Amino acid sequence: MDTQISEVKTQLETGLPDVKLRTIGNSILLENPEDLVRAAFFLKEAPAFRLDYLSSITAADYLDYLESVYHLYSMEKKTGPIVLRVRVKREAPRVPSLVPVYRSADLQEREAYDTFGIVYEGHPDLRRLFLWEGFEGYPLRKDYRQEDTDVLEIADIEWLEKHGVNVPEKFKTQARELAAAGKRALSEKPAQPRN
Amino acid sequence: MTRPQIAKEKNPVFGTGILQGMWVTMKNFIDSYFKKADQGGIFTIQYPEELCRISENSRNFPFLVYDAAPDSPRCTACGICERECPTKCIHVEMAKDTAGKPLRKPAVFEIDYGLCMNCGMCEDVCPFDSIFMDRVYEIAGRDRTKDMLIGKDALLKPNAYFQKIRPKDAADIDARRKAAEAKKAAAARPATPPDAGGTAS
Amino acid sequence: MNPAMSFLDSIFVNLKLWTLNLIGHFLPGWAVILASIVISGVVILCLGPVIMMYLTLLERKVVGRMQNRYGPNRVGPWGLLQPIADGIKMFTKEDIVPTNADKVIHLLAPIVIVVPALMVFLVVPFGRDMTAADLSIGVLYFIAVSSVTTLPIFMGSWASRNKYSMIGGMRTAAQMISYEVPMTLAVVPVIMMSQSLSTASIVNAQEGLRWFVFTPWGLAGFVIFFICTVAECNRPPFDLPEAESELVAGFHTEYSGMKFALFYMAEYMNAFTLSAIAVTLFLGGWQGPFLPSWVWFFTKTFALIFAMIWFRATFPRFRVDQLMGIAWKLLLPLTLVNMLVAGLWYFIPGITGWVGAAVILAVSFLGLTALNKPVIPEKRVYLLEN
Amino acid sequence: MSETILNEPQTLEINFGPQHPSTHGVFRMRAVLDGETIRGLKLVIGYLHRNHEQIAENLTYPGVFAYTDRLDYLNSMQNNFGYALAAEKLAGITVPERAEYIRVIMAELARIVNHLLLVGFLLNDLGAFFTPCLYAVRERERILDIFEDVSGSRMMCNYFRFGGVKNDLTENQLGEIRKVVSRLPAFLDEFEALLSKNEILCMRCQNVGGLPKDLAVNAGITGPMLRASGINYDIRKTDRYSIYDRFDFKVPLGQKGDVYDRYYVRILEMRESVKIVEQAIAGIPRGEFLNAKTLPLLRNPRLFKPAAGEAYGRIESPKGELGYYLVSDGTPQPWRYHVRAPSLINLTVLEEMCVGQKIADAIVILGSIDIVLGETDR
Amino acid sequence: MDILNFGIKVGIYALMAGTLVLAVGVVTLRNLFHSALCLAATLIGTAALYLVFHAEFLAAVQILLYVGAVVTVIIFAIMLTEHIAERSVAQRNRQSLPALLGILVLIAVTGRILLKTPWAVNPATVGARVTVADLGAALMGTYVFPFELVSVILIAALIGAVIVAKKEKSS
């Protein structure tokens, strides 16, 4: 644990006594996600740090929980990074948005929402960024299963036929079977184990 | 203390910048008739008649090397390239004899050139010096499913070809293989794959 | 002038007369008159497209050379057959009409746009006695006819029902109306000096090397007129109506195949005729020593077209407000000053008038550019820090 | 874009892209116009989305290199550099001296390539008919020839490796680089004669799309765009990654942060890059170009298993801060791989810069941000 | 020569008929943009008629001013007010009847004037050509006062238009 992190930790503890936090490696974990905006604002304004530049927001899926990771730098003092992280449960994950403090959170929070499904509360325009509205699932979560493009579903066949494509009978029966079983055409996870 | 700076003065008369720009294009116009390519002349290469100089390191799509005859390639169908290929464009099946015993050579070796992204990973990981990056680029086809799926016969090329396109690397590899063979003959025991000899091309 | 030269000089005129004489032996008088009209008409109708085709080639070649590349050189020797290949391509292309388009007007627009472009040829003096119709109001006729060009552009842009086309059409209208004003006013000193509106007599007034461009007011008028012609035929840096990087292709976004080719043809024929008129008004038309008159005429015209191509290869495009600003705030006052200067030059002959006119023009140019704050580049300072 | 603007009688909604000559790929803007003036603008991206991050999480660490080329496909060297830094930090690999020099040379050449192309295409957006662009491409070709000579490919170089680079630079190639680089200052002078003082360019670029300092910082803008706004923040200077602290170079700063400043700062940066390359060529030591310890790992990628942990490596890419966030769980595949793409984040302020300007300006402002859709959409 | 003259005559009558048809089109077409285009065509036809009667100057001015400027402005207005251009406008409304009455009165008045005018032509002017120079001399000589007056009024109108436009922008 380098000195800057410990300094940030002590400063945060003295400045915001009711914020619970602990260090993990070289980063600070805020136990309660609700404290995020206050902590970020404190670090941004604190004369000792002046972390005015939020470089990167990303999320990660650790199977038990989702994590939102923030890399903060100071352009004024040319120091950094200070890594903040918050952990939320996988079901209905909610993290307060940092857009009011840092404009740079705008697109990055949308990206994290798009790929991980973390809802950033207070974001002015939280929509999917890369994928389209109505896309099912969050592709960077570890339990995401990709659609099998070799198998057609009934909706696909209807669309194709509407656009004048002859769909072989094989695909139609396959689609009917899938629908009867109440399943979707999902590809199996690659067989390789993560050794 | 004055800090170093570059000041861009404005033009004294409106329009001089425009005239200056016109002089630059006019100079290039005149140079295009009288100067050589590297001195400001025309730098176009007239493609079918003239070809670009291709450097030795240049890589395009993979091919397989055989030493003596196409039916005994260096490839042992180990499948490492198939596993490591980032785009999964390689498909290998090991040949089996009539008894069903594996033959340590490929029965099927297909590369989908439509998928391949010329990264050279297969060349890096191959322990048998079998797969290398070619530099043929005139391979356009009319059907991306059929014409771009290259089979074993088209992929196999003699070592002489490899020596021709990349003389330096080929010499290194040939020397290494010869040494390994000599060692193998001396020790009279199965050779281990030469790991990590030389540089990655 | 030696006889060989005068033979060459009037070769086309004599050819026509000879043909008419030949016809006169067989046909009644009225047919000869008709034939005379038909011959001139056919020559002009053929000249337009041929000039357009080879202007595209010239443009591509010159721009290519300016960009250090060859330009088209594959079809025929030096790419000379390239325009024909392009023409065949255009003819065989699918003609796409948008579903919501106003079909009739969508079809009419490219046809109508060629008409004014061809009609201007009527008053262009290609050489000595080589004006198809020496109208007494030649210059006015040219200005009137070229002002009609706005209409088909409107038709095309409106009928396409495309937002890009629509904006392109609006820009065209604004641009053409604006630039017509300084263009017309720039011609006024020429009319004042030659005391005629007929193109042929304007050329005659510039006998020998007394081209108008060699006078201060003529030079200023020529520069203004030429800038306006570039703007009138929508060529860079005034190509806003078809600004590729903003409006895809502007008013002809939804045109393809032959219709598109007609728009293109009109543009290039306009470029040619406007250069030809500029030559007639300011550069002495076909006047010039040693060479046959029509050689002089085409040389000067192609020099101006070369300049247009040169502009295209060099300049970025103006923005709408800047375009308007240049027309109304810079060119228009300058033309007014120029008219005054022309009068001054007329009444104070000799070197005094010459220098006085030049000084007034220079001062007013500097003053106007200094007053037009937004067009003046700023001084910038860039720090280099560690 | 509020519905209220759309419902006003004078406004017109226009789509720029995804198929449009000057959106630099499949970028799309929905603009609300009032006449020619922009009242509102929203960006719609994702047309080139291929979930780069998920692809990488299913590959081995060395296998990701080839995919990083495809992020910002105009300067793959820099992308390789950032990823190599992050992974080396994660696995604790050291890089030999000579390899560092080669890396810096290649990265700076890539920066020149990128800025040349950017300025060329910015002028195309301004309406110049390809001339500046082709002059830029003319010089770029020479650098791409070097890239092909060295790495094997002109654009998808895939040249960096953990602990070094793929091939050594021969004396011949160094001479070639020296020759190409020595041409550049003269070329930039010609380029500037064509452009910098051109009144039309000044009219179009000055005081257009200005970005105030505090907004630039708050919105996480990086790279030449930030420096054009007058903030001295260059990761080569602040992080001193690789061996950038050994070279003498300056950081050019603009004042107003408008399109002209962004253009000119890039021109000046190219001049600085030329200086860096010249210094690096002069100072390059002999030695190995690849850490011998990592070679077996590269020949057998499944052996490359960094200890569990995380790393964030960032570089000053020509477009801004390019960051790679890697989480390892001790397996050959990264558990989490994230790219902090400058092309995407610099777009945050697009609407602020465009509103109130003309349509033509919006295109130019977009051009001056310098996006590559491979990186924006990932 | 007779055939040629006959042909020319036929041409002139065809031109007149065409112009009239287009003029009818201006008032009967439902699409506003189409009627504007018809108006332009009518004006061009009129200009051609002027040309036939050797009034070249008038013809050129007609095209320059009416087609080049007035119609362009009309079309510009139609395109700006998009909603009008896209919708077919109803041809009849409550004012149809009063309008018809008004037109009848107008026809009566003009007809009466036409009938009462003595159409005797001075034979001296039949062959005379009015050149542009004559027109210029007349405008600058005999009619200089009305000419200048018109200029002043037009400038006043121009300034007024600018002020109106400015006001709208600021509000």
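The chains carry the letters A, B, C, D and E, assigned in the order they are written, with residues numbered from 1 in each.
We adopt the following convention: a contact is a pair of C-beta atoms (placed from the backbone, for glycine too) under 8 Å apart; a residue touches a chain by one contact, two chains touch by 3 or more.
On a predicted model such as this, the values are computed, not experimentally measured, just so you know.
Trainee: Which chains make contact with chain B and with chain E at once?
Mentor: C
Trainee: Counting C-beta pairs in contact, which comes out ahead: C-D or A-D?
Mentor: Looking at contacts between chains, C-D has the larger number.
Trainee: What chain lies closest to the overall centre, CA atoms only?
Mentor: That would be chain D.
Trainee: Tell me which chain's centre, taken as the mean of its C-alpha atoms, is farthest from chain C.
Mentor: Most remote chain from chain C, centroid-wise, comes out as A.
Trainee: Among the chains, which one keeps its Cα centre farthest from the Cα centre of chain B?
Mentor: Centroid comparison gives E as the farthest chain from chain B.
Trainee: Could you please state the distance in Å, as a whole number, between where the Cα atoms of chain A are centred and where those of chain E are centred?
Mentor: 69
Trainee: Could you work out how far the Cα centre of chain C sits from that of chain D, in whole Å?
Mentor: Each chain reduced to its C-alpha mean, chain C and chain D end up 44 Å apart.
Trainee: When the C-alpha atoms of chain C and chain E are each averaged to a single point, how far apart are the two points in Å?
Mentor: Here chain C and chain E have centroids separated by 28 Å.
Trainee: Chain B to chain D: how many Å between their CA centres?
Mentor: Those two chain centres are 25 Å apart.
Trainee: Where in chain B do residues touch two or more of the other chains?
Mentor: In chain B, residues 4, 6, 8, 10-11, 14-15, 17-18, 21, 24-25, 28, 43 touch at least two other chains, as defined above.
Trainee: What are the residue numbers in chain D that touch two or more other chains?
Mentor: Only 12, 131, 135, 138, 194, 197-202, 237, 250, 252, 264, 268 qualify.
Trainee: Multi-chain contacts in chain A: which residues touch at least two other chains?
Mentor: There are none in chain A.
Trainee: Between which chains is there touch?
Mentor: Result of the pairwise touch check is A-D, B-C, B-D, C-D, C-E.
Trainee: Could you list, by residue number, the parts of chain D that touch chain C in their complex?
Mentor: 12, 14, 20-22, 33, 36, 123-131, 134-135, 138, 194, 197-204, 206-207, 230, 232, 237, 250-256, 260-261, 264-265, 268, 358-361, 363
Trainee: Please name which positions on chain D make contact with chain A in the complex.
Mentor: Residues of chain D touching chain A: 45-46, 49, 51, 53-54, 57-58, 215, 217-221, 231, 233, 237-238, 309-310, 312, 314, 321, 323, 325, 327, 329, 331-333, 335-336, 338, 340, 344-345, 347-349, 377-378.
Trainee: For chain C, which residues count as touching chain B in their complex?
Mentor: It is residues 62, 65-70, 310-311, 313-315, 366, 369, 375-385 of chain C that touch chain B.
Trainee: Could you please specify the touching residues of chain B with respect to chain D in the complex?
Mentor: 4, 6, 8, 10-11, 14-18, 20-21, 23-25, 28, 43, 53-55, 57-59, 84, 86, 117-121, 124-125, 127, 133, 195-196, 199-201
Trainee: For chain E, which residues are in contact with chain C within the complex?
Mentor: Touch list, chain E to chain C: 1-4, 31, 33-34, 37, 40, 44, 56-57, 59-64, 67-69, 71-73, 75-76, 79-80, 85, 131-133.
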